[in-house]
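You will see subunit A twice below: alongside subunit B first, and alongside subunit C after that.
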Partner chain A sequence: MTRKDSSLSRRHVLAGAAAGAAVGSLGLPAILGAQPAAIKVGILHPVTGPLSYSGTQARAGAQMAIEEINAAGGIKSMGGARLEALLADAQSRPDVGAAEVEKLNEAGAAAIVGPFASGIALATTQAAARHGIPHIVDVGVVDQVVTRGLANTFRFGPGLKTIVDTAIGNLIKINEGAGKPARTVMIVHEESAFGSGMATTLNAELPKHGFEIVETIKHANPTRDFSNIVLRVQARKPDLLIPSNYYDEYVLFARALQQQRVAPKAIYSILGGGASSYKFLKEFPQAASYVMDCNHWFDPRKAQALALKEKTEKRNLFFTYEVFLNYSCVYLLADALERAGNARRDAITAALAASTLDRHVMPYGPTRFVNGQNTGAQPVTTQILDRDIKVIFPLAFASGNVVYPIPERLG
Partner chain B sequence: MNARLVMAAGLAAALAVPYLVRSDFWLGFLITVLLFAVMGMAWNILGGYAGQFSFGHAAFFGTGAYAAAVLHIGFGLNPWLGLAVAALAGGLVALVIGYLSFRYGLRGSYFALITLAFAEVLRILANWAEFTGGGVGLYVPLKVGIANLQFSGKTGYYYVALGFAVLSLAVGWALEHSRLGAQLMAIRENEDAAQALGVDTFACKLKAIALSGALTGIGGGFYTHYYLYIDPGIAYGPGVSVEILLVPIIGGLGTVFGPLLGSAVLHGAGELARRLMGDAPGLNLIFYGVLLIVMVRFMPEGLMGLVWRLRHRWRRVADA
Partner chain C sequence: MLDPIILLPAAINGLTMGAVYALVALGLTLIYGVLHIINFAHGSLLMVGLYGAFFLHRAGLDPYLALVVMVPALFFTGYALQWSVIGKASHGSDQNILLVTLGASIVIENLALYFFSADTRTIDTPYSFEMIDLGVALVPLPRVIAFAAALVLAAVLWFLIARTDLGRAIRAVAKERQGARLVGIDVDHIFAMSFGIGTACLGAAACLLLPMFYVSPHVGHVFVLVAFTVVVLGGMGSFSGALIGGLLIGVTESLGGLLLGESLGQMGIFLIFIATLMFRPSGLFGSRLS
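Showing the complex of A and B:
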């Protein structure tokens, strides 16, 4: 944990102190005395280390939500109590994440939002459970995060099984809709929990639906030269290519594919590190063209989502899923606080468990937690079309029509 | 006699800590200090006493961690027994690495590099093998109970870590006062001369690396049951190796209390940096790095060297 986040500058404090003294001298101390105590919220992410980009984005999303909630008058049922962010850095390590939870506990955090990565989430939720701190997990897709019976853990986004099931379901619909042009699949994945878990699941599930997996290639993190892997893709000529890796590797792989003119019928990723990324789109529009991805995404039909996108971009940040998921998680917490009417941890936990929030920026139904998992959460399938990221599935949220098989992408 | 009294008082104070420190954060901090003191002592046996610098103690840490996890999850082995198996596994891997390295006369930077390479090979194997959970890693089921080596609070973990720290100090003290210890120090000072004097340098170095691997393996096993999660990056990544070797280098190579002191200062400095540097991401790590550079530059004999120098100076002043 680092420091309290506050928009108050020294000048504001001095001005406030002077105003307070003036009000006091006028005999109106009751106004100041009525100001409710701020509610401390632990904002815990890996803002240093290998996951620092995602952690920084996630922190920004949470902070924007806190600013908005405070500007709108704080938590009304608690007399307008402000949310106060206690910023914490897990340094991309589970053990540091767990130690930060202890610090947040002692600093009086009413709840914790974070910590992006599954491995860190396993450690932080457990540490938080020891103190009964409600812990809203933003991403942390590995299913074990919510299957250990921890009553304090609430995952807002979908879990890995839901994501993979949805991705495969959407892929089948896309393929069948085009007359089943694709049969063979090649998977290229990174070596850690995320990529390996995905590859194992896909190897088990895709053959059940008539796809033949011709090869699965694992690569190290970091990998900077994908030319040999692309040569193997060229040799295998798969109909579908499924990359599963973090941002840098995803982008480098996509660029290498484009440079060597590898033309599968589709590049379809699941939680692709770069696929649903405005950064990738802006920097390498050709390599990004027509890439499909099943991922966390905002609801493009909601005005609140578009306003958040604009606000994020004004801060020179890319509108990534870390931003809007954490933004929504803070709103989820604020809603629970409104209903709880106090900042006691057990009351917040009970309010979260009974949450039916639909005022978020995601394409979800109202939140409904079953064993800590938001069953209303779902991923969507996106495709990069006309230099924009469009939702193509589910159709209820779609903002574009799928292009499949994809045309040749010229380098 | 005085030294023994001081040690007894230190142990009594350490035993009383959970009754005095009510903060779970600080108890957690002390557990980390003790854990790395154990592994720092393990490194010290090989690097400090025998002069064989290893950059790959993650190989022993990770093997101990995975042995504890795989046997508990897959075969239901009691975690307490799992710690013993972790020690055996760590020692065994150390013996293999030691045999291959020392048999072919690798010394100095070549030995350091080969240990680093072994740790990296094990990381790749752990990523590939199914029984280690591949890149996904292994999750130890959450079942709080003393029999499962899972405690509801930090106090239980603290006492287990303290027990291992005392054990490591006892091992260090016994080694320093043993024939093997003298032989290792002779090897450190001049291996060829030690061999000429009849020391079986190969056997001595093998004993040192096996002991070092076993103690590090215990650390790995404890880590698994403390955090309930292990993956190849955590287990065999270079970060663990570096953290383990920094502890005795900062504290004092070839000393009994150096690793404990080094671990306390190393982690204390890290925490201090985090508190001083506010929320500017990464600035605390820069401060931490600069602090380490300054310490190594101005205290090449480690903190124990500084303690000795100060004690010597104080005695001279007292005598004058």
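Showing the complex of A and C:
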């Protein structure tokens, strides 16, 4: 089901009223120029079902960008045309996501932004390709999203291979920088394509760099109890623990580690559900202390990013990667519309393919799409230091200095 | 890979987790065993209890003290739900009851999604990280409390059903509805009381679960299938069956996780479910009520 989000802001109403009053006072006939038609943008996320938290956050990020763009005068090359969000819910299911694309097509969406999860993105990009709808993928890290030759698909964030390669590269630098204190590694990952794919790559790559993987544990979603996994971690005593799970499981796992006083030299997550989360930090500051994570993150040096963080928090939302990635994706689309000068799908697709946007909040540099992948996109490594999430790698974007091996965390 | 040193601690973990399953299943066995309602709203009502305990904690009330609020609150919720919605809308047909509870669960979950958002919430209490040293294993204090509470709750429910007039009336309704009506028992009231007591158990389960788990609009799904398995394994309507079934399921899941891997370990739960249905459909302890 799609829903129009076309409410006027107070600023627009006041501006319109003031303009009307001015025209009236001049005694001119009250005939205003025709307003350009709004540009319909499909905002497609899983806002119900198991992924609803991420979907809701993602939708909020996209909506904040649309509000800003409209408040700043819309798409200027199209006479100030406003963006109109067509809100769609994939219900955390790929088939529903694909069906929503059909509805968005019927509703006349010029482009689609979303849909967070890889599994849904595989379905929605394909459905959008049938109608030639340009589809900006916000997260959807699985590499197949952009390797199927779909000309309409543009992924703004990095893919899984880039993320894992970067994570391993940063881990090696951190370990070497401290005199290689860590040698043994244990991986705890969730069982879907995302966690399993990551575990396979880590098992293949880490031994090449002198690490010994002592055990890899896969767990179901949901897992109600992590006690036994923690028992196994205790028995193995790895130097390094690499978790890769969704948020709910990450919280239970981190809590169990804290309860059983497990103290590896580092906890280094890759796309860890909670490790780059202000919510996790707020609720479990001790369990979160010194945890590192290689994940999507904003550029802490950009004023626009900090302003967005403040704005998000004012809305009582946590500033998660879903928010700032979707915010940036809408700006990417707006930039393409400016350059295309019309809302034809093929024109937007061509403009996206030639995009060099640098007005986003990510640590990426200007966008450059090759086969639909933004080649400038990269994850960063963060660490929870002084009750805040700091970027520690790459150094060019760093806002804190890595603490490794980590000190004992008080229980 | 199986490490023999961790077998005993894993079994203890399984027992404490099993007690949590038993807590959720005790209410269900009453509703399922007496009313023969396949209550799809059981998980959603657990979620309501968890949110209640969560917001009471936010208001400054410890989850264990919140028991005195949540148990009566959930009792009245359950009573009202059965009296005014399920009983009336089902028109005495089991298929209707099934659909009504399924509908109720969808409505409750979506209301939670609307009012509380999809956000996962947790609480931090001074005792969340307290551990009890059992010699062979360190067990979190909230789990030890949940284990003891499951034993107490099962005993209280047994006493209620076996030794009180209300219990006799419930058993009479379970055995012969028409006959119970003929001897002057208000069957509709007994149905609502049973549903209310079953739901009150969820209020207790929620308060005991919150210090060690999270709450979100979908949290009920995490427990409801396991609860049905526990009820079938223990025997419909049997409280001791629900308790022992819960503990068995907990240990099976825990040791299954060690032997087969954490991902496949949960398969053991459902193998037990199928095996029970095939070879002992009345459950380990049969049906004590009907």
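As a working rule, the second predicted complex is superposed on the first by the 384 of 411 C-alpha atoms of A that agree within 3 Å, B and C clash if a C-alpha of one lies under 4 Å from a C-alpha of the other, contacts with A are read in each partner's own complex, and residues count from 1 in each chain.
Operating definition for what follows: a residue touches a chain if its C-beta (ideal position, glycine included) is under 8 Å from a C-beta of that chain, and two chains touch if they have at least 3 such contacts.
These numbers were taken from a predicted model, which means no experiment stands behind them.
Undergrad: So in the superposed three-chain picture, is A:119 touching just subunit B, just subunit C, both, or none of them (first/second/both/neither)?
TA: In the superposition, A:119 touches subunit B alone.
Undergrad: Could you say whether A:200 touches subunit B, subunit C, both of them, or neither, answering first, second, both or neither?
TA: Only subunit B; A:200 stays clear of subunit C.
Undergrad: Which partner does A:56 contact after superposing on A: first (subunit B), second (subunit C), both, neither?
TA: Once the two structures are laid over each other on A, A:56 reaches both partners.
Undergrad: Quick check for you: in the superposed arrangement, does A:48 touch first (subunit B), second (subunit C), both or neither?
TA: Touch partners of A:48: subunit B and subunit C.
Undergrad: Going by the contact rule set out at the top, does A:311 touch subunit B (first), subunit C (second), both, or neither?
TA: A:311 sits against neither subunit B nor subunit C.
Undergrad: For A:339, decide between first (touching subunit B), second (touching subunit C), both and neither.
TA: neither
Undergrad: Check the residue A:191 against both partner chains and state whether it touches subunit B (first), subunit C (second), both, or neither.
TA: both
Undergrad: A:218 contacts which: subunit B (first), subunit C (second), both, neither?
TA: The answer is both, since A:218 touches subunit B and subunit C.
Undergrad: A:251 in the overlay: touching subunit B, subunit C, both, or neither? Say first, second, both or neither.
TA: A:251 contacts subunit C only, not subunit B.
Undergrad: Could you pull out which residues of subunit A sit against subunit B in one structure and against subunit C in the other?
TA: On subunit A, the residues that contact subunit B in one structure and subunit C in the other are 47-48, 52, 55-56, 191, 218, 220.
Undergrad: Hey, which residues of subunit A end up touching subunit C in the complex?
TA: By the definition above, subunit A touches subunit C via 47-50, 52-53, 55-56, 191, 215, 217-220, 222-225, 227-229, 231-232, 234-235, 247-248, 251-252, 255, 258-260, 279, 283-284, 411.
Undergrad: State the interface residues of subunit C toward subunit A in the complex, per the touch definition above.
TA: Listed in rising order, the residues are 1, 3, 5-6, 9-10, 13, 17, 20, 110, 113, 117-120, 122, 124, 128-129, 131, 138, 140, 212-214, 216-218, 221-223, 226, 253-254, 257-258, 261-263, 265-266.
Undergrad: Considering the complex alone, what residue numbers of subunit B touch subunit A?
TA: Interface residues on the subunit B side: 23-25, 28-29, 32, 124, 127-128, 134-137, 139, 141-142, 152-153, 223, 227-229, 231-234, 274, 277-279, 281-282, 285.
Undergrad: Which residues, counting only subunit A, touch subunit B once they are in their complex?
TA: Counting only subunit A, the residues touching subunit B are 1-3, 5, 47-48, 52, 55-56, 87, 89, 93-95, 98-99, 102-103, 105-106, 119, 122-123, 126, 130-131, 142, 144, 148-150, 190-197, 200, 218, 220.
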